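Just so it is clear, A, B, C and D label the chains in written order, and each chain counts residues from 1 on its own.
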C-alpha cells in the first residue's frame, strides 16, 4: 500500500517536472483565482492574451534566432522605426497596406543586415545586434525626433490594434496567426528543420551541404520582421508613432519569454510552442500581480522567485 | 614472492547496478583488479563498459553496489575522491581545457600550490619534465592544449593520468587515435606500470591489443558479466562469440573472408596534383565506380586534410578535380554534394550528427532537397525513406523518430553513413569510419560499404586500422607527410607487408 | 600561438580610435578629458572585469546592474538612515555584492538554472529589493541629502601625478582618480588569480571543458559560485565608486549596465563560448566605450548621429579583431 | 511651503523671468568689442564663439520642447553654438557629459538633472570653472545660477484637488505610475497622495501600479485594474502618455464621462484629448516658454554683463502652470502647444 503510494507520488512528481511550466501556470492561476475571483472572468483572461500579444509576436519570431544559438537585442528600436515608417507612409497619402508593408519591409531589411553580419562575417550576434540596437535607435530618432506623432483619421490603420473580430481583439488574432504560421514553418518546412539542425550542430549542417549562412541571415530577418509587426500593432493601439518606443529592456522581455519557455539560450533545443507557453506564464504572473495591486518592489521580487521555482523544477528532470 | 597482504586487490566493485529510468544498463556486476594485473574489459557498444568505467572514476553514482580501493570502502559519485584514492583514467573523449597549456592540463584540478593558492610553476614543470623523460614522450609543455592535433591531445590525456602515480589506471580506448609506433610506446608504458604494481583496466575494441597486453579479461554483454577468464585460456573467436552472440559472429567471419578483388566501372573522381600549401602536395587519385579505395598511413600524414579539401571544407592551392570526366571547382561542401560527393567525417559528434534531432532528420539531412514540395517539407516521404534505410542499415532500435543522442555509438555511425546512401550511388569518402565502434557494428558497417560498392558507388576510406584496410579495401594507398606515396591492389598485401610499407614511407 | 588570445589587436584598435578623436575633436587629448575618461569609466571597467568571470564559465551575469543599485542603496541607507560609519559600510557593501553574486552561482549550480535565466530572475528580484529598501521612499527628505561620510566620499579622490613627479610645470598630466587606481589594482589581482592560481586554472578548465573538469576532480560547484561572487563583488566595488562620485544612490542606478558590461567584455576578447579571455581586455573594452562617448560629444556630433556612430564603432571593433584573427588563422583549418 | 510663499515665489519668478528676457534683449546689443566698430556684422572667430549645451534626461517630448524654446532664443545670437546632449536616462552619463562640457569651456550649461543630489558635484565643478548652470524642472542641491521649473509637487496636489472635485469628493482612484529612480516621479506621486489627503480625505487610492511612462502598458495595467475595481471613479497618470492610455481604455469600455482621468505635463495630444472631452485634465506648462526663459537667462549670463551673483544665491523661476480642463484649455494658444 505504502509502496504504491510512494510510486504514484514519484510518478506524479516526474510528470510535474516534465511539464513544469504548464503546471506552474496552473498553480499560479489557482493562487490568483483564490486571492481575487475576478481573475478568472473571461474579460480578464482575454485581457491577458491581449496584453501578451505584442511581446508574444516578437518572442515567437525571435525563437528561431535563439534556436540557432544567437540572440537579437535590436527588437526595441526596430519596433519603433517600423511604427514611424508606417506613420510617414500613411502621412504621405499611401493606403494602409502599403504603410504596413513598408514598416515590415524596413524590419526585414534591418534583420537581414544583422543576419548578414552574423552569418557571413561570423561576428558575435550579441555585439552585432547591440550595435544595431544603437544604430537603429539613432536612425529612428533622426527620422522621427523624440516627438510623439499622432496617427489621426486612419480608421483602417487604427483598427489593426484596436478592432476586434468575433469578440476577440485583432492583435490577438494577429498573434495567433503569427504563432500558427511559425509553428507550421518549424514543423513542415525545410527551413524549420534547417534552423534546428543549425542550432544542434552548425558544422555538421554545413558538411551536409546546407547554406547555413543564408539560413542565419533569414532567421534574423524573421526576428526583426516580427518586431516590426509588433511596432505596427503598437502604433495602431496607441494611435501614436514615436522613435522612443520599445525602450531599453524590451529585448530582455522578449528573450526572457523565449528562454523561460524552455528554448536553450545556447541553441538547439527549442520550439515556438514553448515560447508561447513562456509568454503566457510571464503574462499571467504580471497580470495577477497588477490585479492584486501588489507594489512594484514585491512584484519584481516575486517574479524573480517564481521564475526560479518554476524553471528550477523543470531543471530537476 | 609478493606477500599476501600486498596481494589484496587494488580495486573491487561488488554488485554494481545502474538503472536509468526503465533501462538497466549495468546489472549486478562484480569486478576486481589485483596489483600488477592488466584486465581487459570488452563487450559490444551498449554492453555497459562506459557506465562501469564512469562508476569507477566517480563520474556517476551507481544505483546499487560498493567499491573498495585497496581494501577501503569509498564514497561513490565523486571524481575527486576517486582521484584522491589513486584511481586515474584515460578517457575516450578529450577532457582537456583547450585554453590552458599542456603543463596546466597535466595537473588539472590538482596543480601544486604555494601560499595564497598560487600555482607552484617551477615544481609543476619539474615534475612534468621528469614524467616526460620517464615515459619517453616529447611534447611542448607551453602551448595551449586546444591547439594540438587530436593525437597529441591524447598523449596529454595519458600524461595526465600517469602524473597521478595511480594505484589503479582505467584506460578507455586508449589507442583509438594513436599510430602503431605510439601504440607500442603505450604498451611499453603499461608493462612498466604493471611492474610497479599498478592495476590496469584496459577497455578496447581492438582484440589484437587485448591479446597482446592483457592478463585477464572480463566480458560484458547487456549489462552483465558473461565471462571472466585469463586471456591465455580463451580464443579470439570465443571472445567475439561471447561479446556479440554466436550467430552474429559467424556472419562476420564469413564476410571478411569473402573479400574479392574487383576493378569495375569507370573513373568517377579523378584528381591531379592536389596541393594545399604546407599541408599536402602532388596528390593524384583515380577513384572508380564499384571500388573501395583505402588510404592509410600514420596519424598526421594529412589524409583527413586531403579528403576535407576534396569536399570543399578547405581550399586547394593547386590541382584539378574531374567528376565523370568533367572538371569542377569545389569551393564549399554544398558544391561537393551537388557534384555527388559525400563525406563521413572522423569526429561524428563534432562534425557529423545533430544529436538532438531524430534519426529520420539526420538520415535525410544531406538530401533534404528530395523532400521539398514547394515551400513545404514532405515529412511523410522522409519517414518512409528513413524506415527503409533503418531496415537496410539495421539501425537499432528501429525507430525513425528517436533522438540520435539515445543511440549507441555503432548505431550513430550507421545513421551518419546512411545519410549518403539513400539515392543514387555517388562518391563517398569516409574518414576513420569505425573508430569507437564495437566489433559487431563494425562488421555491419563493412557489409553496408560493400553493398554500396556492389551497387556501383565509388568509395574512398581513410583508415589507420590495418585490419580494416585489408578487410574492405580493393586498393590501398599509403600516405606519408602530405604525399600519396603508393597505391596497391589489396590482394597483393598482407598485414605485415602493409605495416612495413607504412613504416618505410614515413 | 594559435588558440591563445592576444589583446594586442584590441589595444591597436583602441589607439586608433583614440588617435582619431585626438586629431578631430578639440580638447579630446587634453589632461582634463583624460581625467574625465578615467573617472567616468573606471566603474564601467570594474563591471566588465567582473563580467568576464561568468562568461569564462560559458555563463553570463545579467544582474550586475541591479547589484550596483542594491549595493548603492545599502550604502545610502546605512549611512544616511542608520548613521553607520563609512569604514564599516565599505566591507559590508562588498560582502553584500559578493553574496548577491554568490546567490546567482547557487541558482546556477544547485537549482540547475541556465545562467541567463538565473540572473534574469535576480535582475528583477534585486531591482525589486532596491525599491523595497530605498531610503528615498522610506524617508523622502533624504532624496535631497548628499552623503557626507568621508570614508565614502573620500573614494572620489584625485592624485596629482604631475606634481608628484615634479613635472607639472613642463607638461600637464591628468590627475588620476582613485577609482582608476583601484581598477588597476583589481585588474592586477584578478589577472593574477586567473593566470597564476589553482582557482584560475580550474576556472579555465570548467569553462573550456565542463565534463573534463569534473572528471579531473575539480569542484565545479565551488568554482562556479566563486566566479559569480567575484562578478557581484566587482559590481559592489563599482557601486561604491559610483556612489562616491554622485554623493548619493538612486533606485535607477545601473539600469542597462549589464549590456554595457557584456559588450565591453566581449569586445575585450572574452569568448561567449567560455574558457578564453583575460581581465585586461574587458577593462580596455570599457574605456573604448568611454572614448566613443566623450569623443563624439567633444566632436559635437548630434545625439542621434552619436547613437549611430556608437553602433558602427562597436561593429568596427569586433570586425577588426575578427579580421586580424582570420589573417592569422589562414593557414589553419577552416570550415 | 505655504500657499502664500508659493505664490510669492511664483511672482518673484515671473519678475526675474521678464528681467532676464529684457536683459537678454539688451545683451544682444551689448556684445561690443573695441576691435570691431560695427555691431553684429563682424563674423565671429572661432575663439569668441560661445558654446551652450543642454543635457537632457532622455529623448522625450518635454526636453525636446525645451530645446526648441532654447534654440529659438539662442539662434538670434550668431556667436552661440548650441547643442542637445542625451543623458541616456543614466545619472553617470549626465555626469560624464557635464565634465566634457566643462572641459570644452562651455559658456552656459542647461541641465535637466535625473537626480538633485547626484548632479550636485558636477554643478559645483562647473561653478569652479565659472560656468553657469541652469537647471530645468529638477533642482539640484548645489546652488547654481538659475533654476526654471514647473512645480511637480504642487501641480500634482492641484490635480488631486481638481480630480477629487469632479468625483464629488468620494470614490476610488488608481495611479498609473512610473518606476522609482527619477525624482519627478516621487514628487508627483507624493503631491497627488498628499493633495487627496488634504482636499479629499474620503477618496481612496485603490491601486498604484507601474506602467513605465508608457501608453500601451497603461492600457494593459488599467484594463487589469478595472477587473478588480469595477467601480473605479478616477485615474491619475503620472505623465500624459499613461493618462492617454487610460483614455483609450475608457473609450473602449464606454467609461468616457464616467471616469475622471488626469494626466501630467500638458503635451499637445493631451490638450486635444481634453478638448474632445475624453481626458479630463492635465497640468500644463508652456514648455517652449520655459526654454526661452532659460535661454534668456543664459544669454545674459554669457555676456558677463550680469554676473551670476546678480541672481542672488540662485535664480529661481517658477513657471506658471495651469490645470488644463475642458473649461480652461481654450486659454492655451496654438503657439503655446508642444
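Heads up, the rule we're going with is that contacts are C-beta pairs under 8 Å (C-beta built on N, C-alpha and C of every residue); 3 or more make two chains touch, one makes a residue touch a chain.
Model, not experiment: these values are computed from the prediction.
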Chain at maximum distance from chain A, centres defined as averaged CA atoms: B
Of B-C and A-B, pair with higher C-beta contact tally: B-C
Where chain B and chain C are represented by their mean Cα positions, the distance between them in whole Å: 44
Approximate Å spacing (C-alpha centroids) for the pair chain C, chain D: 34
Inter-chain centre distance, chain B versus chain D - centres from mean C-alpha coordinates, in Å: 72
Sequence positions of chain D contacting 2 or more other chains: 59, 89, 179-180
Junction residues of chain A, two or more chains touched: 141, 203, 206-207, 248, 295-296, 299
Touching two or more other chains - residues of chain B: 313
All pairs of touching chains, each written as two labels joined by a dash: A-B, A-C, A-D, B-C, C-D
Residue ranges of chain C touching chain D (in the complex, touch as defined): 26-27, 30, 32-33, 36, 39-41, 43, 131, 134, 136-137, 140, 143-146, 156, 242, 245-248, 250-253, 255-256, 290, 293-294, 297-298, 300, 302-303, 306
For the chain B and chain A complex, residues of the former touching the latter: 311, 313, 332-334, 336-338, 343, 345, 350-357, 361, 365-366, 368, 371-372, 375-377, 379, 419
Partner chain C, residues of chain D touching it in the complex: 59, 81, 83-86, 89-93, 95-97, 99-100, 102-105, 114-121, 141, 179-183, 186, 190
Chain C contact footprint on chain B (complex, rising order): 57-59, 79-84, 89, 91, 94-100, 104-105, 107-111, 113, 116-119, 121, 143-144, 146-147, 160, 277-278, 305, 308, 313-314
Chain D residues touching chain A - in the complex, by the definition given at the top: 58-61, 63-64, 89, 177, 179-180, 206-210, 212, 214-216, 219-221, 223-225, 227-228, 241, 244-245, 248, 252, 267, 269, 272
